[in-house]
Amino acid sequence: MARARSTTSSIAQIIILLLISFFSSPSSAAYPAATKKKQYKPCKHLVLFFHDIIYNGENAANATSAMVGAPAGANLTILADKFHFGNMVVFDDPITLDNNLHSPPVGRAQGMYVYDTKNTYTAWLGFSFVLNTTDYQGSINFIGADPLMNKTRDISVVGGTGDFFMHRGVATVMTDSFEGEVYFRLSVDINFYECW
Amino acid sequence: MARARSTTSSIAQIIILLLISFFSSPSSAAYPAATKKKQYKPCKHLVLFFHDIIYNGENAANATSAMVGAPAGANLTILADKFHFGNMVVFDDPITLDNNLHSPPVGRAQGMYVYDTKNTYTAWLGFSFVLNTTDYQGSINFIGADPLMNKTRDISVVGGTGDFFMHRGVATVMTDSFEGEVYFRLSVDINFYECW
Amino acid sequence: MARARSTTSSIAQIIILLLISFFSSPSSAAYPAATKKKQYKPCKHLVLFFHDIIYNGENAANATSAMVGAPAGANLTILADKFHFGNMVVFDDPITLDNNLHSPPVGRAQGMYVYDTKNTYTAWLGFSFVLNTTDYQGSINFIGADPLMNKTRDISVVGGTGDFFMHRGVATVMTDSFEGEVYFRLSVDINFYECW
(Lines give C-alpha, C1' and ligand atoms only; values in the text may rest on other atoms or scores of the structure.)
Protein backbone atom coordinates (compact mmCIF):
# COMPACT_ATOMS: atom_id res chain seq x y z
CA MET A 1 0.00 0.00 0.00
CA ALA A 2 1.02 3.62 -0.53
CA ARG A 3 2.82 5.14 2.44
CA ALA A 4 0.98 7.88 4.26
CA ARG A 5 2.80 11.10 3.49
CA SER A 6 0.99 13.43 5.86
CA THR A 7 -1.71 13.61 8.48
CA THR A 8 -4.05 14.91 5.84
CA SER A 9 -3.78 11.85 3.62
CA SER A 10 -3.97 9.51 6.65
CA ILE A 11 -7.31 11.00 7.56
CA ALA A 12 -8.45 10.63 3.99
CA GLN A 13 -7.50 6.95 4.13
CA ILE A 14 -9.36 6.38 7.36
CA ILE A 15 -12.46 8.00 5.95
CA ILE A 16 -12.27 5.98 2.77
CA LEU A 17 -11.91 2.81 4.83
CA LEU A 18 -14.91 3.84 6.91
CA LEU A 19 -16.97 4.40 3.77
CA ILE A 20 -15.83 1.14 2.21
CA SER A 21 -16.61 -0.79 5.37
CA PHE A 22 -20.06 0.80 5.46
CA PHE A 23 -20.85 -0.12 1.89
CA SER A 24 -19.66 -3.70 2.32
CA SER A 25 -21.06 -4.38 5.79
CA PRO A 26 -23.47 -7.32 6.21
CA SER A 27 -26.36 -5.02 7.02
CA SER A 28 -25.91 -2.93 3.90
CA ALA A 29 -25.80 -6.15 1.87
CA ALA A 30 -29.37 -6.77 3.00
CA TYR A 31 -30.59 -3.54 1.42
CA PRO A 32 -32.28 -3.41 -1.95
CA ALA A 33 -30.00 -3.45 -4.97
CA ALA A 34 -30.80 -3.78 -8.62
CA THR A 35 -28.46 -6.70 -9.21
CA LYS A 36 -29.95 -10.18 -9.04
CA LYS A 37 -28.88 -13.71 -8.14
CA LYS A 38 -26.95 -12.54 -5.11
CA GLN A 39 -26.61 -15.00 -2.26
CA TYR A 40 -27.94 -13.38 0.86
CA LYS A 41 -27.54 -14.89 4.28
CA PRO A 42 -30.77 -15.19 6.26
CA CYS A 43 -30.89 -13.25 9.54
CA LYS A 44 -33.19 -15.91 11.03
CA HIS A 45 -34.07 -19.47 10.03
CA LEU A 46 -36.89 -21.81 11.07
CA VAL A 47 -38.04 -25.22 9.91
CA LEU A 48 -41.59 -26.16 10.85
CA PHE A 49 -44.15 -28.76 9.83
CA PHE A 50 -47.88 -28.42 9.51
CA HIS A 51 -50.56 -31.04 9.19
CA ASP A 52 -53.67 -30.64 7.08
CA ILE A 53 -56.56 -33.06 7.65
CA ILE A 54 -59.23 -32.23 5.09
CA TYR A 55 -62.89 -32.64 6.02
CA ASN A 56 -64.48 -35.42 3.95
CA GLY A 57 -67.96 -35.37 5.44
CA GLU A 58 -67.17 -38.06 8.02
CA ASN A 59 -64.15 -36.83 9.98
CA ALA A 60 -65.51 -33.68 11.61
CA ALA A 61 -63.80 -34.48 14.92
CA ASN A 62 -60.28 -34.77 13.45
CA ALA A 63 -60.53 -32.50 10.40
CA THR A 64 -58.42 -29.34 10.47
CA SER A 65 -59.52 -27.96 7.10
CA ALA A 66 -62.53 -27.92 4.83
CA MET A 67 -63.25 -27.30 1.18
CA VAL A 68 -65.60 -24.43 0.56
CA GLY A 69 -67.79 -23.73 -2.41
CA ALA A 70 -67.60 -24.99 -5.97
CA PRO A 71 -67.50 -23.24 -9.33
CA ALA A 72 -70.80 -21.60 -10.25
CA GLY A 73 -72.63 -22.65 -13.40
CA ALA A 74 -75.19 -25.15 -14.59
CA ASN A 75 -73.14 -28.11 -13.41
CA LEU A 76 -71.29 -27.06 -10.30
CA THR A 77 -68.71 -29.81 -10.33
CA ILE A 78 -67.53 -30.00 -13.95
CA LEU A 79 -64.54 -27.75 -13.34
CA ALA A 80 -63.87 -28.75 -9.78
CA ASP A 81 -63.80 -32.45 -10.55
CA LYS A 82 -60.33 -33.84 -10.86
CA PHE A 83 -57.96 -31.11 -9.71
CA HIS A 84 -60.44 -29.27 -7.47
CA PHE A 85 -60.15 -26.21 -9.73
CA GLY A 86 -62.01 -23.36 -8.13
CA ASN A 87 -62.32 -24.95 -4.70
CA MET A 88 -61.18 -23.03 -1.66
CA VAL A 89 -59.82 -24.82 1.40
CA VAL A 90 -59.89 -23.09 4.77
CA PHE A 91 -57.55 -24.49 7.40
CA ASP A 92 -56.46 -24.35 11.01
CA ASP A 93 -53.61 -26.84 11.14
CA PRO A 94 -51.31 -27.75 14.03
CA ILE A 95 -47.64 -26.78 13.61
CA THR A 96 -44.97 -29.09 14.99
CA LEU A 97 -41.18 -28.98 15.22
CA ASP A 98 -40.81 -32.40 13.64
CA ASN A 99 -42.78 -34.51 11.19
CA ASN A 100 -44.94 -36.24 13.80
CA LEU A 101 -48.61 -35.21 13.80
CA HIS A 102 -48.79 -36.14 17.48
CA SER A 103 -45.85 -34.01 18.64
CA PRO A 104 -46.88 -31.13 20.89
CA PRO A 105 -48.03 -28.29 18.62
CA VAL A 106 -46.03 -25.03 18.79
CA GLY A 107 -48.74 -23.05 17.04
CA ARG A 108 -51.37 -23.08 14.31
CA ALA A 109 -51.20 -22.55 10.56
CA GLN A 110 -54.37 -20.62 9.74
CA GLY A 111 -55.72 -19.35 6.44
CA MET A 112 -56.86 -20.50 3.05
CA TYR A 113 -55.81 -21.81 -0.32
CA VAL A 114 -57.60 -22.05 -3.63
CA TYR A 115 -57.01 -24.78 -6.19
CA ASP A 116 -56.42 -22.77 -9.33
CA THR A 117 -55.59 -25.02 -12.27
CA LYS A 118 -57.76 -27.25 -14.41
CA ASN A 119 -55.16 -29.77 -15.53
CA THR A 120 -52.81 -30.23 -12.59
CA TYR A 121 -52.64 -29.49 -8.86
CA THR A 122 -51.69 -25.92 -8.12
CA ALA A 123 -52.92 -23.65 -5.37
CA TRP A 124 -52.65 -20.06 -4.24
CA LEU A 125 -51.89 -19.70 -0.55
CA GLY A 126 -52.72 -16.98 1.94
CA PHE A 127 -52.09 -17.94 5.55
CA SER A 128 -50.36 -17.18 8.85
CA PHE A 129 -48.31 -19.12 11.34
CA VAL A 130 -49.47 -18.18 14.82
CA LEU A 131 -46.69 -19.33 17.15
CA ASN A 132 -47.01 -19.65 20.87
CA THR A 133 -43.92 -21.22 22.39
CA THR A 134 -41.29 -20.27 24.93
CA ASP A 135 -38.96 -19.53 22.00
CA TYR A 136 -41.33 -17.66 19.72
CA GLN A 137 -44.46 -15.59 20.30
CA GLY A 138 -45.99 -13.93 17.28
CA SER A 139 -47.28 -14.44 13.78
CA ILE A 140 -45.70 -14.88 10.35
CA ASN A 141 -47.74 -13.98 7.26
CA PHE A 142 -47.33 -15.77 3.93
CA ILE A 143 -48.71 -15.55 0.42
CA GLY A 144 -47.68 -17.20 -2.82
CA ALA A 145 -48.22 -19.67 -5.61
CA ASP A 146 -47.98 -23.35 -4.73
CA PRO A 147 -47.47 -25.69 -7.70
CA LEU A 148 -48.09 -28.82 -5.63
CA MET A 149 -46.44 -31.27 -8.02
CA ASN A 150 -43.05 -29.54 -7.70
CA LYS A 151 -40.73 -30.94 -5.04
CA THR A 152 -40.09 -27.46 -3.58
CA ARG A 153 -42.15 -24.29 -3.89
CA ASP A 154 -41.02 -20.84 -2.81
CA ILE A 155 -43.54 -18.42 -1.33
CA SER A 156 -43.16 -14.98 0.24
CA VAL A 157 -43.04 -14.05 3.89
CA VAL A 158 -44.63 -10.61 3.63
CA GLY A 159 -44.78 -9.54 7.25
CA GLY A 160 -44.92 -10.57 10.85
CA THR A 161 -45.82 -9.51 14.36
CA GLY A 162 -44.47 -10.09 17.87
CA ASP A 163 -41.08 -11.80 17.68
CA PHE A 164 -41.42 -11.58 13.89
CA PHE A 165 -42.19 -7.85 13.88
CA MET A 166 -41.89 -6.49 10.32
CA HIS A 167 -39.96 -9.57 9.15
CA ARG A 168 -39.78 -10.48 5.48
CA GLY A 169 -38.33 -13.49 3.72
CA VAL A 170 -38.83 -16.49 1.51
CA ALA A 171 -40.25 -19.84 2.63
CA THR A 172 -39.70 -23.12 0.83
CA VAL A 173 -42.71 -25.43 1.09
CA MET A 174 -42.35 -29.18 0.57
CA THR A 175 -44.97 -31.91 0.67
CA ASP A 176 -43.43 -34.13 3.30
CA SER A 177 -46.13 -36.79 3.19
CA PHE A 178 -49.72 -37.33 2.12
CA GLU A 179 -52.43 -39.97 2.42
CA GLY A 180 -55.00 -39.91 -0.35
CA GLU A 181 -56.73 -36.55 -0.39
CA VAL A 182 -57.32 -36.38 3.34
CA TYR A 183 -53.95 -35.91 5.05
CA PHE A 184 -51.14 -33.62 3.90
CA ARG A 185 -48.00 -32.85 5.84
CA LEU A 186 -45.97 -29.89 4.67
CA SER A 187 -42.53 -28.81 5.77
CA VAL A 188 -41.79 -25.11 5.64
CA ASP A 189 -38.18 -23.90 5.56
CA ILE A 190 -38.42 -20.22 6.45
CA ASN A 191 -35.54 -17.89 5.68
CA PHE A 192 -35.94 -14.34 6.94
CA TYR A 193 -33.81 -11.69 5.21
CA GLU A 194 -35.30 -8.70 6.98
CA CYS A 195 -35.45 -9.23 10.72
CA TRP A 196 -35.65 -5.79 12.39
CA MET B 1 -14.63 18.49 24.10
CA ALA B 2 -11.08 18.28 22.70
CA ARG B 3 -9.90 21.53 21.22
CA ALA B 4 -9.40 21.50 17.46
CA ARG B 5 -5.67 21.72 16.85
CA SER B 6 -5.74 22.24 13.12
CA THR B 7 -8.04 22.55 10.15
CA THR B 8 -7.26 18.95 9.33
CA SER B 9 -8.49 17.51 12.61
CA SER B 10 -11.54 19.82 12.56
CA ILE B 11 -12.55 18.32 9.25
CA ALA B 12 -11.98 14.83 10.62
CA GLN B 13 -14.26 15.66 13.55
CA ILE B 14 -16.99 16.99 11.30
CA ILE B 15 -16.84 13.89 9.16
CA ILE B 16 -16.95 11.54 12.12
CA LEU B 17 -19.92 13.43 13.49
CA LEU B 18 -21.62 13.19 10.10
CA LEU B 19 -21.03 9.43 9.99
CA ILE B 20 -22.19 8.95 13.58
CA SER B 21 -25.31 10.99 12.96
CA PHE B 22 -26.02 8.95 9.85
CA PHE B 23 -25.66 5.60 11.63
CA SER B 24 -27.80 6.71 14.55
CA SER B 25 -30.44 8.66 12.61
CA PRO B 26 -34.08 7.64 13.01
CA SER B 27 -34.27 6.46 9.42
CA SER B 28 -31.29 4.13 9.76
CA ALA B 29 -32.88 2.69 12.92
CA ALA B 30 -35.75 1.56 10.71
CA TYR B 31 -33.51 -0.77 8.70
CA PRO B 32 -33.50 -4.54 9.22
CA ALA B 33 -31.41 -5.83 12.08
CA ALA B 34 -31.15 -9.31 13.49
CA THR B 35 -31.84 -8.25 17.07
CA LYS B 36 -35.41 -8.50 18.28
CA LYS B 37 -37.71 -6.79 20.77
CA LYS B 38 -36.43 -3.36 19.80
CA GLN B 39 -38.82 -0.50 20.24
CA TYR B 40 -39.15 1.25 16.92
CA LYS B 41 -40.92 4.55 16.54
CA PRO B 42 -43.57 4.59 13.83
CA CYS B 43 -42.97 7.06 10.99
CA LYS B 44 -46.75 7.47 10.57
CA HIS B 45 -49.72 6.63 12.75
CA LEU B 46 -53.45 6.35 12.02
CA VAL B 47 -56.46 5.21 14.04
CA LEU B 48 -59.53 4.29 11.99
CA PHE B 49 -62.79 2.44 12.56
CA PHE B 50 -64.68 0.21 10.20
CA HIS B 51 -68.20 -1.11 10.37
CA ASP B 52 -69.20 -4.57 9.18
CA ILE B 53 -72.92 -5.26 8.67
CA ILE B 54 -73.25 -8.91 7.71
CA TYR B 55 -75.98 -9.94 5.29
CA ASN B 56 -78.53 -12.17 7.05
CA GLY B 57 -80.95 -12.69 4.17
CA GLU B 58 -83.16 -9.76 5.16
CA ASN B 59 -80.91 -6.69 5.32
CA ALA B 60 -79.71 -6.42 1.73
CA ALA B 61 -80.12 -2.62 1.75
CA ASN B 62 -77.88 -2.04 4.77
CA ALA B 63 -75.54 -5.03 4.60
CA THR B 64 -71.88 -4.30 3.86
CA SER B 65 -70.67 -7.88 3.90
CA ALA B 66 -71.86 -11.38 3.06
CA MET B 67 -70.91 -14.91 3.94
CA VAL B 68 -69.97 -17.01 0.97
CA GLY B 69 -69.98 -20.76 0.57
CA ALA B 70 -69.95 -23.50 3.16
CA PRO B 71 -67.74 -26.53 3.70
CA ALA B 72 -68.21 -29.20 1.03
CA GLY B 73 -69.27 -32.70 2.00
CA ALA B 74 -72.40 -34.72 2.63
CA ASN B 75 -73.77 -32.27 5.15
CA LEU B 76 -72.63 -28.80 4.15
CA THR B 77 -73.23 -27.16 7.49
CA ILE B 78 -71.78 -29.59 10.04
CA LEU B 79 -68.43 -27.83 10.20
CA ALA B 80 -69.67 -24.32 9.55
CA ASP B 81 -72.28 -24.49 12.28
CA LYS B 82 -71.19 -22.83 15.46
CA PHE B 83 -67.98 -20.96 14.68
CA HIS B 84 -68.57 -20.56 10.94
CA PHE B 85 -65.51 -22.71 10.24
CA GLY B 86 -64.86 -22.66 6.54
CA ASN B 87 -67.11 -19.72 5.76
CA MET B 88 -65.71 -16.79 3.83
CA VAL B 89 -67.03 -13.28 4.37
CA VAL B 90 -66.59 -10.68 1.64
CA PHE B 91 -66.93 -7.07 2.75
CA ASP B 92 -67.06 -3.47 1.63
CA ASP B 93 -67.30 -1.58 4.90
CA PRO B 94 -67.34 2.17 5.55
CA ILE B 95 -64.30 3.58 7.38
CA THR B 96 -64.80 6.43 9.84
CA LEU B 97 -62.51 8.57 11.98
CA ASP B 98 -64.52 7.85 15.13
CA ASN B 99 -66.68 5.01 16.41
CA ASN B 100 -69.95 6.35 14.95
CA LEU B 101 -71.35 4.31 12.05
CA HIS B 102 -73.08 7.45 10.81
CA SER B 103 -69.98 9.68 10.71
CA PRO B 104 -68.96 10.70 7.19
CA PRO B 105 -66.92 7.83 5.75
CA VAL B 106 -63.30 8.59 4.82
CA GLY B 107 -62.97 5.45 2.73
CA ARG B 108 -63.88 1.78 2.41
CA ALA B 109 -62.43 -1.37 3.94
CA GLN B 110 -62.66 -3.95 1.15
CA GLY B 111 -61.66 -7.59 1.05
CA MET B 112 -62.37 -10.92 2.67
CA TYR B 113 -61.91 -13.05 5.73
CA VAL B 114 -62.34 -16.75 6.35
CA TYR B 115 -63.44 -18.26 9.64
CA ASP B 116 -60.77 -20.89 10.19
CA THR B 117 -61.27 -22.67 13.50
CA LYS B 118 -63.73 -25.32 14.58
CA ASN B 119 -63.83 -24.62 18.30
CA THR B 120 -63.51 -20.84 18.66
CA TYR B 121 -63.76 -17.69 16.57
CA THR B 122 -60.64 -17.02 14.54
CA ALA B 123 -60.34 -15.63 11.05
CA TRP B 124 -57.71 -14.98 8.40
CA LEU B 125 -57.91 -11.50 6.93
CA GLY B 126 -56.95 -10.17 3.51
CA PHE B 127 -58.19 -6.66 2.81
CA SER B 128 -57.41 -3.08 1.85
CA PHE B 129 -58.28 0.33 3.18
CA VAL B 130 -59.13 2.57 0.23
CA LEU B 131 -58.93 6.12 1.60
CA ASN B 132 -60.29 9.14 -0.15
CA THR B 133 -60.03 12.23 2.01
CA THR B 134 -58.38 15.62 1.84
CA ASP B 135 -55.69 14.25 4.16
CA TYR B 136 -55.10 10.85 2.59
CA GLN B 137 -55.55 9.46 -0.91
CA GLY B 138 -54.44 5.91 -1.48
CA SER B 139 -54.71 2.34 -0.31
CA ILE B 140 -53.25 0.31 2.56
CA ASN B 141 -53.01 -3.47 2.18
CA PHE B 142 -53.31 -5.85 5.13
CA ILE B 143 -53.08 -9.57 5.80
CA GLY B 144 -52.93 -11.58 8.99
CA ALA B 145 -54.44 -13.90 11.52
CA ASP B 146 -57.31 -12.57 13.60
CA PRO B 147 -58.07 -14.52 16.78
CA LEU B 148 -61.34 -12.68 17.42
CA MET B 149 -61.62 -13.55 21.10
CA ASN B 150 -58.35 -11.75 21.93
CA LYS B 151 -58.70 -8.13 23.00
CA THR B 152 -56.04 -7.00 20.51
CA ARG B 153 -54.77 -8.72 17.38
CA ASP B 154 -51.73 -7.66 15.38
CA ILE B 155 -51.76 -8.03 11.60
CA SER B 156 -49.28 -6.93 8.92
CA VAL B 157 -49.43 -3.88 6.68
CA VAL B 158 -47.69 -5.38 3.66
CA GLY B 159 -47.86 -2.51 1.19
CA GLY B 160 -49.62 0.60 0.06
CA THR B 161 -50.22 2.96 -2.80
CA GLY B 162 -50.75 6.70 -3.26
CA ASP B 163 -49.98 8.51 -0.01
CA PHE B 164 -49.08 5.09 1.42
CA PHE B 165 -46.69 4.23 -1.42
CA MET B 166 -44.58 1.18 -0.42
CA HIS B 167 -45.47 1.58 3.27
CA ARG B 168 -45.15 -1.32 5.68
CA GLY B 169 -46.14 -1.68 9.30
CA VAL B 170 -48.18 -3.43 11.93
CA ALA B 171 -51.85 -2.78 12.67
CA THR B 172 -53.58 -3.61 15.93
CA VAL B 173 -57.20 -4.64 15.43
CA MET B 174 -59.72 -4.42 18.28
CA THR B 175 -63.40 -5.34 18.34
CA ASP B 176 -64.82 -2.02 19.46
CA SER B 177 -68.44 -3.19 19.53
CA PHE B 178 -70.73 -5.88 18.18
CA GLU B 179 -74.42 -6.69 18.05
CA GLY B 180 -75.22 -10.37 17.71
CA GLU B 181 -73.67 -11.72 14.55
CA VAL B 182 -74.84 -8.87 12.33
CA TYR B 183 -72.89 -5.74 13.30
CA PHE B 184 -69.18 -5.57 14.12
CA ARG B 185 -67.20 -2.40 14.67
CA LEU B 186 -63.44 -2.74 14.57
CA SER B 187 -60.84 -0.16 15.49
CA VAL B 188 -57.55 -0.36 13.66
CA ASP B 189 -54.46 1.28 15.14
CA ILE B 190 -52.02 1.45 12.25
CA ASN B 191 -48.32 1.99 12.90
CA PHE B 192 -46.18 2.40 9.81
CA TYR B 193 -42.46 1.68 10.24
CA GLU B 194 -41.49 2.03 6.60
CA CYS B 195 -42.92 5.20 5.09
CA TRP B 196 -40.80 6.10 2.02
CA MET C 1 -17.21 27.01 -7.79
CA ALA C 2 -14.86 28.05 -4.98
CA ARG C 3 -11.21 27.45 -5.74
CA ALA C 4 -9.48 24.83 -3.59
CA ARG C 5 -7.06 26.67 -1.38
CA SER C 6 -5.20 23.72 0.10
CA THR C 7 -4.93 19.95 0.08
CA THR C 8 -6.96 19.89 3.26
CA SER C 9 -9.97 21.65 1.83
CA SER C 10 -9.74 19.56 -1.34
CA ILE C 11 -10.08 16.43 0.71
CA ALA C 12 -13.00 17.97 2.57
CA GLN C 13 -14.69 18.69 -0.74
CA ILE C 14 -14.16 15.14 -1.96
CA ILE C 15 -15.59 13.70 1.23
CA ILE C 16 -18.58 15.99 1.16
CA LEU C 17 -19.18 15.01 -2.45
CA LEU C 18 -18.91 11.34 -1.47
CA LEU C 19 -21.43 11.82 1.31
CA ILE C 20 -23.78 13.81 -0.90
CA SER C 21 -23.55 11.22 -3.64
CA PHE C 22 -24.27 8.49 -1.11
CA PHE C 23 -27.32 10.20 0.30
CA SER C 24 -28.69 10.99 -3.14
CA SER C 25 -27.77 7.72 -4.88
CA PRO C 26 -30.58 5.68 -6.46
CA SER C 27 -30.24 2.92 -3.89
CA SER C 28 -30.46 5.24 -0.90
CA ALA C 29 -33.48 6.87 -2.53
CA ALA C 30 -35.19 3.49 -2.21
CA TYR C 31 -34.88 3.44 1.58
CA PRO C 32 -37.76 4.28 3.87
CA ALA C 33 -38.23 7.94 4.70
CA ALA C 34 -41.02 9.69 6.46
CA THR C 35 -41.57 12.25 3.72
CA LYS C 36 -44.20 11.47 1.12
CA LYS C 37 -44.91 12.24 -2.53
CA LYS C 38 -41.29 11.65 -3.52
CA GLN C 39 -40.68 10.44 -7.02
CA TYR C 40 -38.71 7.23 -6.79
CA LYS C 41 -37.14 5.58 -9.78
CA PRO C 42 -37.99 1.88 -10.14
CA CYS C 43 -35.04 -0.52 -10.01
CA LYS C 44 -36.88 -2.88 -12.38
CA HIS C 45 -39.86 -2.47 -14.69
CA LEU C 46 -42.10 -4.98 -16.45
CA VAL C 47 -45.27 -4.67 -18.53
CA LEU C 48 -47.29 -7.88 -18.88
CA PHE C 49 -50.78 -8.84 -19.98
CA PHE C 50 -53.03 -11.53 -18.62
CA HIS C 51 -56.17 -13.04 -20.01
CA ASP C 52 -59.12 -14.12 -17.89
CA ILE C 53 -61.74 -16.38 -19.49
CA ILE C 54 -64.49 -16.90 -16.94
CA TYR C 55 -66.31 -20.23 -16.82
CA ASN C 56 -69.98 -19.76 -17.79
CA GLY C 57 -71.10 -23.39 -17.59
CA GLU C 58 -70.44 -24.05 -21.29
CA ASN C 59 -66.78 -23.16 -21.92
CA ALA C 60 -64.97 -25.63 -19.67
CA ALA C 61 -62.32 -26.32 -22.33
CA ASN C 62 -61.27 -22.66 -22.75
CA ALA C 63 -62.13 -21.23 -19.34
CA THR C 64 -59.19 -20.07 -17.21
CA SER C 65 -61.22 -18.94 -14.20
CA ALA C 66 -64.39 -19.80 -12.33
CA MET C 67 -66.74 -18.10 -9.92
CA VAL C 68 -67.06 -19.87 -6.63
CA GLY C 69 -69.82 -19.72 -4.08
CA ALA C 70 -72.55 -17.17 -3.52
CA PRO C 71 -73.64 -15.19 -0.47
CA ALA C 72 -75.32 -17.35 2.16
CA GLY C 73 -78.90 -16.68 3.18
CA ALA C 74 -82.43 -17.57 2.21
CA ASN C 75 -82.03 -16.33 -1.35
CA LEU C 76 -78.47 -17.00 -2.43
CA THR C 77 -78.40 -14.62 -5.33
CA ILE C 78 -79.98 -11.43 -4.00
CA LEU C 79 -76.67 -9.82 -3.12
CA ALA C 80 -74.58 -11.47 -5.80
CA ASP C 81 -76.95 -10.48 -8.57
CA LYS C 82 -75.78 -7.45 -10.49
CA PHE C 83 -72.26 -6.72 -9.34
CA HIS C 84 -71.40 -10.26 -8.21
CA PHE C 85 -71.03 -8.98 -4.63
CA GLY C 86 -69.67 -11.80 -2.52
CA ASN C 87 -68.59 -14.00 -5.40
CA MET C 88 -65.05 -15.29 -5.50
CA VAL C 89 -63.28 -15.95 -8.78
CA VAL C 90 -60.36 -18.38 -8.88
CA PHE C 91 -58.07 -18.08 -11.88
CA ASP C 92 -55.13 -19.56 -13.73
CA ASP C 93 -54.64 -17.14 -16.61
CA PRO C 94 -51.95 -17.10 -19.30
CA ILE C 95 -49.52 -14.15 -19.20
CA THR C 96 -48.26 -12.69 -22.46
CA LEU C 97 -45.81 -9.96 -23.42
CA ASP C 98 -48.33 -8.23 -25.69
CA ASN C 99 -52.10 -7.91 -25.81
CA ASN C 100 -52.66 -11.00 -27.97
CA LEU C 101 -54.33 -13.93 -26.19
CA HIS C 102 -52.65 -16.28 -28.66
CA SER C 103 -49.08 -15.06 -28.13
CA PRO C 104 -46.82 -17.63 -26.50
CA PRO C 105 -47.43 -17.44 -22.74
CA VAL C 106 -44.47 -16.44 -20.55
CA GLY C 107 -46.16 -17.65 -17.37
CA ARG C 108 -49.41 -17.93 -15.46
CA ALA C 109 -51.33 -15.48 -13.29
CA GLN C 110 -52.75 -17.62 -10.48
CA GLY C 111 -54.91 -16.72 -7.53
CA MET C 112 -58.27 -15.30 -6.62
CA TYR C 113 -60.39 -12.21 -6.41
CA VAL C 114 -63.62 -11.44 -4.61
CA TYR C 115 -66.24 -9.01 -5.87
CA ASP C 116 -66.79 -6.82 -2.84
CA THR C 117 -69.25 -4.04 -3.56
CA LYS C 118 -73.03 -4.06 -3.88
CA ASN C 119 -73.47 -1.05 -6.15
CA THR C 120 -70.49 -1.06 -8.51
CA TYR C 121 -67.72 -3.38 -9.69
CA THR C 122 -64.85 -3.58 -7.25
CA ALA C 123 -62.72 -6.55 -6.31
CA TRP C 124 -60.00 -7.52 -3.87
CA LEU C 125 -57.11 -9.33 -5.49
CA GLY C 126 -54.67 -11.89 -4.15
CA PHE C 127 -52.57 -13.57 -6.82
CA SER C 128 -49.12 -14.44 -8.14
CA PHE C 129 -47.37 -14.19 -11.47
CA VAL C 130 -45.44 -17.41 -12.02
CA LEU C 131 -42.94 -16.60 -14.78
CA ASN C 132 -41.01 -19.18 -16.72
CA THR C 133 -39.03 -17.59 -19.54
CA THR C 134 -35.42 -17.32 -20.58
CA ASP C 135 -35.45 -13.78 -19.15
CA TYR C 136 -37.30 -14.38 -15.91
CA GLN C 137 -37.75 -17.41 -13.66
CA GLY C 138 -39.67 -16.87 -10.45
CA SER C 139 -42.84 -15.57 -8.91
CA ILE C 140 -44.22 -12.13 -8.07
CA ASN C 141 -46.87 -11.84 -5.35
CA PHE C 142 -49.60 -9.20 -5.41
CA ILE C 143 -52.47 -8.04 -3.22
CA GLY C 144 -54.69 -5.00 -3.34
CA ALA C 145 -58.00 -3.33 -3.99
CA ASP C 146 -59.22 -3.23 -7.58
CA PRO C 147 -61.95 -0.66 -8.30
CA LEU C 148 -62.66 -2.05 -11.77
CA MET C 149 -64.41 1.04 -13.14
CA ASN C 150 -61.29 3.20 -12.65
CA LYS C 151 -59.00 3.45 -15.67
CA THR C 152 -55.94 2.58 -13.57
CA ARG C 153 -55.72 0.78 -10.23
CA ASP C 154 -52.60 0.53 -8.09
CA ILE C 155 -51.95 -2.62 -6.10
CA SER C 156 -48.97 -3.77 -4.03
CA VAL C 157 -46.19 -6.11 -4.99
CA VAL C 158 -45.53 -7.60 -1.56
CA GLY C 159 -42.84 -10.14 -2.32
CA GLY C 160 -41.22 -12.39 -4.85
CA THR C 161 -39.06 -15.44 -5.38
CA GLY C 162 -36.39 -16.58 -7.86
CA ASP C 163 -35.38 -13.64 -10.05
CA PHE C 164 -37.80 -11.53 -8.01
CA PHE C 165 -36.35 -12.59 -4.65
CA MET C 166 -37.65 -10.28 -1.90
CA HIS C 167 -38.81 -7.66 -4.44
CA ARG C 168 -41.42 -5.07 -3.51
CA GLY C 169 -43.18 -2.48 -5.60
CA VAL C 170 -46.40 -1.08 -6.99
CA ALA C 171 -48.28 -2.45 -9.99
CA THR C 172 -50.75 -0.47 -12.06
CA VAL C 173 -53.57 -2.64 -13.39
CA MET C 174 -55.62 -1.53 -16.42
CA THR C 175 -58.53 -3.27 -18.13
CA ASP C 176 -57.14 -3.47 -21.63
CA SER C 177 -60.19 -5.13 -23.16
CA PHE C 178 -63.27 -7.11 -22.23
CA GLU C 179 -66.05 -9.04 -23.93
CA GLY C 180 -69.27 -9.25 -21.94
CA GLU C 181 -68.59 -10.96 -18.64
CA VAL C 182 -66.56 -13.80 -20.10
CA TYR C 183 -63.24 -12.37 -21.35
CA PHE C 184 -61.11 -9.80 -19.57
CA ARG C 185 -57.64 -8.71 -20.62
CA LEU C 186 -55.63 -6.82 -18.04
CA SER C 187 -52.33 -5.02 -18.51
CA VAL C 188 -50.06 -4.85 -15.49
CA ASP C 189 -47.35 -2.21 -15.32
CA ILE C 190 -45.03 -3.43 -12.57
CA ASN C 191 -42.58 -1.02 -10.96
CA PHE C 192 -40.23 -2.60 -8.45
CA TYR C 193 -38.66 -0.21 -5.93
CA GLU C 194 -36.91 -2.85 -3.84
CA CYS C 195 -34.96 -5.26 -6.02
CA TRP C 196 -32.26 -6.91 -3.83
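Each chain carries a letter (A, B and C) given by its place in the written order, and its residues are counted from 1.
Everything below uses one rule, namely that contacts are C-beta pairs under 8 Å (C-beta built on N, C-alpha and C of every residue); 3 or more make two chains touch, one makes a residue touch a chain.
Here the structure is a predicted model, which is why all the values come from computation and not from measurement.
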Can you check whether subunit A and subunit C touch via the same residue numbers (shared by over half) or via different ones?
different
Given a C-alpha superposition of subunit A onto subunit B, how large is the rotation in degrees, taken in steps of 5?
120
Give, as an integer number of Å, the spacing between the C-alpha centres of subunit C and subunit A.
20
Which parts of subunit C, given as residue numbers and ranges, touch two or more other chains?
8, 11, 15, 31, 68-70, 87-88, 126, 143, 158, 193-194
Partner subunit B, residues of subunit C touching it in the complex
6, 8-9, 11-12, 15, 19, 31-38, 40, 68-75, 78-80, 85-88, 114-118, 122, 124, 126, 143-145, 147, 154-158, 168-170, 193-194
Interface with subunit A, subunit C side, in the complex: residues 7-8, 11, 14-15, 18, 22, 26-27, 30-31, 43-44, 55-58, 60, 63, 66-70, 87-88, 90-92, 108, 110-112, 126-128, 130, 138-139, 141, 143, 158-163, 165-166, 193-196
